[in-house]
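As structure tokens, here come the structures.
Both of the next two complexes hold chain A, though its partner changes from chain B to chain C.
What follows is the complex of A and B.
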């Protein structure tokens, strides 16, 4: 006998179908199609280039068998994770700060969102203009007589330490994360924290027991978006990175851009690898988060 | 419902028949013109029917873009053709488009690219894929402006593009020479290197003050090719590098290239960023120019016979920039071309366009306003035209045209370029510990079939 819940289970209404259709078509046809095509090509299917050795895993074997792939993977993960973690810590501090009153809060509250409307490319250009060896800071140092040649200015960009890449990501993503966390804090209200304070909890206890569980959903969603973006981003590591070994998206671009068009299949193997790694990491992250939510009894 | 379906059916049927008809008209035109059965007036008339020409070219030069819009477009409009200038960041994008069109079954009259400005590997790719319109260059009226006689060694620049026979499938458009510039504010004349050994000696005193663009960018490839010429163990310079990889063989190429690659490895720690332990090859000409402007590097190299004059004028080079003769005797000179793909949507308009671009008028204004050396050969022109061409040429700084002419070398065969760039990536960039012979052999084995 069907349960009442089963009976009340909503069915898709015509209006809902219409609402879901545009995104559904885009996701399935464009995104799904591109993914399927990438997978096919990485497995040797490109008859329009006169190549069809499907199924052929040699592109993956060649890619994963070389040390440079693993170095590239390491740099991709390092830039993505370092930027996400640094931005997150700063964003939590900023969001918490914004919940308190301080003089100029209204101005600062809108000012910090500025990087959100500035494109990444502009941020990258700013980094080059400011932090490059021929940049503004270097010229200032020259004007002050600290250095007498651009090479004497510390090499901040174009090294594999990736300070430039990480700086641009943090600059752009910190406001985004702070906005998401701040919104969660506002909607949760301060009543629980105040009640805990009245009951004698200290600031650390309040953060751990009240605030943290409140902001976790905001943290998870915003870090997921930023991390996934960083994994696939191309411009910042291409312009500000240290060259070989490049991050995986730059490596893929180099294969695509080579005059030898047959290297496109190798590039597709790189693209599929990025998808695999990012997908697995996000799956583990979400599974961990779900377990945490379950431990709180919220799911 | 029935009506709806039948309307769709009729529409689809009409669409398919018109496509076939357009296809046949364009194919008929192609057969006729290539067979020489068509007068130039007929081509002009057909071009007016086409109405437009889809030209794809690297859009990174403002002077060129302005010239294209203010000189070429009005001239084409007078011929009843509207010029659609598709500015792309890399020529390969247009080649990819041609390949993609062909893959989806679009043949003559149905593609999206009428003409591409290209040379070297991109032409080689189109030729290898059999995606060129056909041998049109010598059928155009302005073919008279070029040297086609094989007996004259100067014809080689029109007949061979990076060693690949052009077979008339592309029209020479500009000449170019690889020229290095020095910033006299930091590099005095007496310290100026003439050879690669000089450069190394200079870098030992001034570490980090030079960079070449990263292969497989063609500017980086060109630098590497010049190094290989200069260190050719037989002392025969560029000569053996004119042969194709099939003729030369991997082992012989490895033997010829070994000393050059040793040199490239030796100077790597002395290049930009090397002293700080983070060598970074610039990605493109714009990046290298920025480094040169900031005197992060003292010498900047690239294609551009008149680049110093143009760049001093527009402020992208310091006023202290001068041309230098480096590497002496190995400054690669080549031409670049206009090619018409096999699936050009407006083949007649493309031919008229290519003909206009090789006219004296177009070449003189291009030289004057853009500073790109002439693609036409002055000795084939009447004296007044040749004088106009000479008068339009921008100035040289620090060197004379004769010195530049005396130090030229030909390009490397396109089939070797891919092997050389793959070897550079493996041996220099990835720092492979395999012997060079094996790296070259692997690169040859991985060549596209």
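What follows is the complex of A and C.
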């Protein structure tokens, strides 16, 4: 006869499975379902629109065969990577700075997190107010006598250089990255860096040999999140971007809003393409990171 | 082998907002000497090490190595060794790379690094563990790696900040003996920090007893234990019976009343009637069981301590701790005669009585 403990175990597991079921259903339906639906539509399956040519790769062929897709991909990658890299460099400096004692650190330590709770839309509005012709910077330059007229201020927004887009991404994501890196530095403590200094390492050596390996996990997690967001972000490039060629998310949005509703399938092909590109880049990034972690003996 | 270095701290002071960490420390350490800083948490022991290492800046004072002030040097230029309480090993480096770190950052050629790392691994008896990572080591092994990593740079001064605090009792004993042997073999000038008085007694040439940012006494372990300068030092360096009483006349000489008869006073400078505090260590009192009513006091309780039995004995208005080496444990309530060698009684004047 089985022991009471042996008999109880399946009951416990069943309870755990039942407890996780609501979350599992939400995950499967919302994420898995949405992904499957996007893939099906991009392959010609949309009977509710009167279209069902599944499996049909013509939407991808049409998309990838046009030069505008590759220009859009370039701009999407450029905005995403440039913003991520700039935010990362600044975030590392900020996080390192926050580990040092200076007057007003507590206040500064709270203030820098402010953009985290402010919506992107506000950031976009701030970019227009600050960087637009007739904005604060142009008027300041005029007031200082650097330009004769506010309209002469260099065009920062609505250009394909994407300064406005990058500025908004950096403004919003810098605190997030700094928070993640600072948390890693705080949990690692100062002792390893101090031990390295006592052993004769200079600041550059301490950063390269000790600090960098400490913060890499924080960098990887925060840059992954920010890069993936930037790849799919729509509002900033739509409002602050240079127009045609648009980024891929804006291109998808235009397809979805076209009067010709059959173009929604083309839009889905764009969405799936964004997912593929982002997924491949993240896979390569993570594989490189895992190789690095293995070299450090952490995995 | 590093040249033996003398160290002198002159008026070393450091304050943090709202707290004085060090209030003007003067301490001289001879070449090859091991001096222990003994004191409770927050007394300034670790701060002193950090100032010497250059990890914190002093407010005042000088740090002299062989007579030269090193206070203005960068941390990396001081050539001191500091072993941290929690080892501070680099978790992403193997044992070999941890130990080699100090040489690599100084640009030592690879061949020399390899041979010195091998030598260091042998010195700390970890020859076969070079390719492991710190998380694959035990506490004692990590401690040895930290020690090897420090020693390989041939520091002028070795500093150990409560290095055995995270180890269990057996390992602590082993590591104490290991470190002391190594320190003597290499002739390293060493500062050892601990709050464990037994550890301090065992390992030190001299002990500096610290409290509230000050050194209360610097002396050899025997002197610190038997001739503490104050009741505070007596309490910090072992179990102590501190008995209040008065100086009394004993014929031509002076004595002190302890509750089981006056004991001749061996110290000078007292007058009859002076209120004093007398120190008698528990093992300095001898007891003999006697019939009820014939003794100086009666046993209140007892505890088996392994090597000895600790009794709590009431004699007159005072209660004494007494450590007796005996296989026979006396019962509670037993009357006892109490004797103490006057040479083992220290008396503190009123000014030295307070903590």
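Some observations on this one:
Methods note: the second predicted complex is superposed on the first by the 259 of 299 C-alpha atoms of A that agree within 3 Å, B and C clash if a C-alpha of one lies under 4 Å from a C-alpha of the other, contacts with A are read in each partner's own complex, and residues count from 1 in each chain.
Note that in this section a residue touches a chain if its C-beta (ideal position, glycine included) is under 8 Å from a C-beta of that chain, and two chains touch if they have at least 3 such contacts.
Being a predicted model, the structure only gives us computed values, none of them experimental.
Once chain A is used to superpose the two complexes, chain B occupies space next to chain C without a clash.
Residue by residue along chain A, chain B and chain C are tallied for touches, and B comes out ahead. Once chain A of one complex is fitted onto chain A of the other, the partner contacts of A:68 are limited to chain B, with no touch recorded for chain C. Figure note: vertex chain A, arms to chain B and chain C, all at CA centres after fitting on chain A; angle 150 degrees, rounded to a multiple of 10. Contacts of A:243 after superposition on the shared chain: chain B is touched, whereas chain C is not.
Of the two partner chains placed by the overlay, neither chain B nor chain C lies in contact with A:104. In the superposed pair of complexes, A:195 makes contact with chain C only, with no contact to chain B. By the touch criterion stated above, A:296 is placed in contact with chain C alone, chain B being left untouched. Closest approach of chain B to chain C, taken over C-alpha atoms in the A-based superposition, is 50 Å. Residues of chain A that touch chain B in their complex: 47-50, 68, 132-134, 149-151, 155, 158-160, 238-239, 242-244, 254, 257-262.
Every residue of chain A that touches chain C in the complex is listed here, in rising order: 191-192, 194-202, 205, 209-210, 213, 296-298.
If you check the complex, the residues on chain B that touch chain A are 90, 92, 95-96, 99-100, 102-104, 120-122, 124-125, 129, 208-209, 214, 216, 273, 275-276, 278-281, 283, 290-291, 293-296, 418, 429-430, 447-449.
Touching chain A in their complex are the following residues of chain C: 53-55, 75-76, 78-82, 84, 86, 88-94, 101-102, 105-106, 133, 149-150, 153.
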